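Please find the structures below.
Heads up, the next two complexes both have chain A, just with different partners, chain B and then chain C.
On to the complex of A and B.
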């Protein structure tokens, strides 16, 4: 009756394989049905003049949707708005977050409280907090214009002005998401050996020199991570644009993501929206690859 | 991933500075720090203070110039706002969706994380790379095809449309895989001698020590679900299944000029998240810095 040991070994191995595949099935199914296949599906849709109400009436147009997009002013305008939004939130956000994190690394009075305050907006919902800022930006009764009035400065239309609306949204976005980058930088900074910073100070380095020659190079992988994460986040930002300006006034806040929403769910222009989604996918996917490549280098480097 | 928790704790290195600046310089420096800290506190907390103040004043007090910076304890705004939308329903929907999603994410992440971290099987690296590539597909891109998939499943305007697409988490799997990889092999060998199955080992030995990672995954999934807007906004249409943030946005559309009522609604819809954050602030911040661990590769 006794089995030979190698047969028993093989059986145990097979059981291990079976267990592993079984354990991978639940998440695998979710990813397959709701991410992987839809990602291919959107590529497929983008090649059709897609009929939203009756899919069987969809007509093959090849790259027609893409051609329509790149020849339309709307598309390029949305890219321009997205670029402004990126510039206003990403580099500015990274610099502000780094400065705040460096400040918090010192023995600052009330350090824990400040850290908590900076992080608090990030965990609160965008719909709720954007309503607060909608009220602060209100041109007639808002706090900001009251402040400008007290300072004898001209009052502004803020979210109702084509010139200021995007700036208002950028201010809100910085306020809302800076805390995340600050926490990441704090974790990165505490990873830099304090001896190294001490040594540079003993050698007579000023704070600025310390930042430039010690902190900045050692922190660069973290900085890149924050840059990529916030760029991806900014490219997908939607909620604050919906609640604060709905893309207006005069399309001055219609980013590419917002255009995608209007094409797909206001005009039911599914084919063009899908082509736009594929373009966004390429941009964001490329950025993610860059980030993964860099993080691999980082482990090597440590 | 547990070390990140500790890393966060060591965030305040206070080595004795050898090059001590003069006393006067130190005092100036201290004063400067106090001012900057105060400015940061005001910048980040004032909007919260302002919405509470607005919600506790009469409409005419809110619309006057200069505005009132103190509360007048007017609670009618709350009663009015509460009565004008099915908030209780929105709350219950949100809690149900967030709890079920969190539970599912924990289960699927534990299973897959354990498989990748502790089991041997053919094609492991390839499948893991496939899972990681899921992270590259952005949310906005999936809205259109998933809408069509959910429509074909007849799941539009249901709870399931808001739960199942989020029932797997690459971040969660990655975090737990790292944890299981760090488990010493002897533990499993000892359990085998005691005749434990893999499942019992997972449940009784591995999981209890994975607590920090599970807490991070749990609170961020819960928070993400609670705060989500675009997905339920597109995939649902009736208040009977909609979550709180979609409800708030509907309320903004219908009561957009009632600033005191709107402020009250912002306060009572945000309060649960705020309380959760204040209770678990340490875990929240540790979790955010654990996100960097997600790209260490």
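On to the complex of A and C.
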């Protein structure tokens, strides 16, 4: 007696599904317990005037926390600071990384040393190096002002000055994170077939034309990756703000992430902090979607 | 939305979640046994330098002399960790029996019903005498109450501000140690020279989210000029005294005798022989000495006086009792708290840590110590002028408005009165929201 072949197929498929989900369960559970459920809980408490010391004293406020945030100058100011930081680190960082990577592709003397120098900061802990930079930026004893003094340029207040503090942090962040983007670009550049570049050269393309019409389009998936990762990184940057300026002076370095931290863990204003976390998630998600949408049309895969 | 987009968004949310801190605690809950023996826990942050051995010694001494009580210390690395751990343990329903707390933490805990009022213990049959209470420094006693007049705390490690100075520099320049703010301004100005890279002192104005020594310096100045942070429950630093106090800072900043910095800049500048003074708490004595490393003699004096005398700010924490404790644990905890502030123990604590005794009854016991450590005597005498910060739940944010005001005046040159009025209103809003 032979079994119905389609029933047998279904049973086999079912078993395969079961096995697959069984394998996925451990990571799925971790994701559920440590990411998804807390994220949903954040959404829930963002609707309350939450008393985390005594939950029974929490009061339902609906969208009140969101209303408070969007009507507060603090929130919009932090978004502006975040935008400055984003512009200062992402486009500048991507361009710098590309230039350095292209330079490092050429057979220049001391290439290995420069590669090491560019990449080394990335593997150092942000806390430790930001403290070193705190001294470099010190207006009285710092290296940077000593250099400016040597060059007969006016000395700056750096992290003590509301005008220069964010620029100081951007300089540190670029120094620290550039190595990662450079390595990714180097990998991307090595992946571009030399035949295509040679063909363009035989056709009479200049170095610049080769870069514009051959290398750049073929690098677009890499650029997209670097762009997305740096954007997420910039939106979440926290440590350097915490150690170098604590959001000051005068909130000139209070990004949205830092504001979230102060609301949640200094002032224990849990409801507002949760609402801000939800807004930040929407912003990051939205930006990522826009980036994906724009670049899908402009990304070329070899 | 395709799979890739979802994956990137999921990665984004994962990273976001990673950015948020998560704290947990394994609070070992106190327990009383059937034999009448009571175990209690004390969560504290006395973990560095000479603090840890002194705390351990006192605790084991208490345990030795009180056979039916065992105190276990739950030591945390810093005040911020302590606060996070206390908060997490309250939220988890498993707090220690007692814990160190600043005034505004206590206010927040009390608002959530997490700590108990102590009046029934302090004035109860196992309480302290009225003679003892009157021997406590006025500011220290006042510091134990929350708004509404309820006694919620018991004093522990208290300190106040003093003036450290480079005695050699003052001597070389034939300058006397300033005793008034007017003298201080003129002495610091005459020690300032851009060609020599020297100035009066450096201070950290703090930020809107964390007060620093400079923030408290303004409070001390405000009091020295006759002002107060709050009057009749209303924030009141935008007074005439507040304006005069801010003008002192502005004058010194504008003429270069005061510089701003972060991470204990006063100590660094003094140690590096750039600054001639450092205004910070007596608890910094050890660290300042380390920074100076024997390069010159460090002098210690009381903070300069203003028209209303010396203004000072009480620093350090008190002890609170958490409401989860059983009545047996509460009375055991009170016995320990009271014991810690008895003259002999408070004297031991002060002599071994640099904090100050909370009662004048300890002074005769400390006579020899004061003779060899005159700076401690200076700080102890200043305690009578040291007032606590307002114990309002919103004051953590409230004090930040002073840091903002200092920076707006000094760095942005905004008019003093306008800034103070605006920041006073902001502080009032925080107090209203927190209360």
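Following the convention adopted for this analysis, the second predicted complex is superposed on the first by the 260 of 302 C-alpha atoms of A that agree within 3 Å, B and C clash if a C-alpha of one lies under 4 Å from a C-alpha of the other, contacts with A are read in each partner's own complex, and residues count from 1 in each chain.
In the analysis below, a contact is a pair of C-beta atoms (placed from the backbone, for glycine too) under 8 Å apart; a residue touches a chain by one contact, two chains touch by 3 or more.
From a predicted model like this one, the values you see are computed outputs, not experimental measurements.
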Which partner chains sit in contact with A:264 here, chain B, chain C, both or neither? Use first/second/both/neither.
both
Once the shared chain is lined up, is A:177 touching chain B (first), chain C (second), both, or neither of them?
neither
May I ask you to decide whether A:103 touches chain B, chain C, both, or neither, giving the answer as first, second, both or neither?
first
Of chain B and chain C, which one contacts the greater number of residues in chain A?
B
Is A:188 contacted by the first partner chain B, the second partner chain C, both or neither?
first
What is the contact status of A:200 with respect to chain B (first) and chain C (second): first, second, both, or neither?
neither
Would you check which partner chain A:161 touches, where first means chain B only, second means chain C only, and both and neither mean what they say?
second
After the superposition on A, what does A:82 contact: first (chain B), second (chain C), both or neither?
neither
Looking at the overlay, does A:39 come into contact with chain B only (first), chain C only (second), both, or neither?
both
Taking the superposition on A as described, I'd like to know which of chain B and chain C A:128 touches: first, second, both or neither.
first
Can you pull the chain A residues that chain B and chain C both touch?
31, 34-35, 38-39, 55, 134, 138, 141, 232, 236, 238, 257, 260-261, 264-265, 277, 280-281, 284-285, 288-289, 292
Interface residues, chain A side, partner chain C - complex
31, 34-35, 38-39, 51-55, 57, 134, 138-141, 157, 159-162, 228, 232, 236, 238, 245-251, 254, 257, 260-262, 264-268, 277, 280-281, 284-285, 288-289, 292
If we count contacts the way the header does, which residues on chain B are in touch with chain A in the complex?
4, 7-8, 10-15, 17-19, 30, 33-34, 36-37, 40-41, 43-45, 47-48, 50-51, 54, 62-63, 65-67, 107-109, 111-112, 114-116, 119-122, 124, 127, 131-132, 134-149, 164-165, 167-170, 173, 198, 223, 226-227, 229-230, 233-234, 244-245, 248-249, 252, 259, 262-263, 266, 269-270, 273-274, 277, 281, 284-285, 288-289, 291-292, 295-297
Footprint of chain A on chain C - complex, ascending:
1, 4-5, 8-9, 11-17, 19-21, 84, 87, 90-91, 108-109, 112-114, 197, 202, 205-210, 259-263, 269, 272, 274, 396-397, 403-404, 407-408, 411-412
Please give the residue numbers of chain A that touch chain B in the complex, ascending.
13, 16-17, 19-21, 23-24, 26-28, 30-31, 33-39, 41-42, 45, 55, 100, 103, 105-111, 113-121, 123-129, 131-136, 138, 141, 143, 146, 149-150, 175, 179-180, 183-184, 186-188, 190-191, 194, 198, 201-202, 204, 222, 225, 229, 232, 235-236, 238-239, 242-243, 257, 260-261, 264-265, 270, 273-274, 277-278, 280-281, 284-285, 288-289, 291-292, 295-296, 298-299
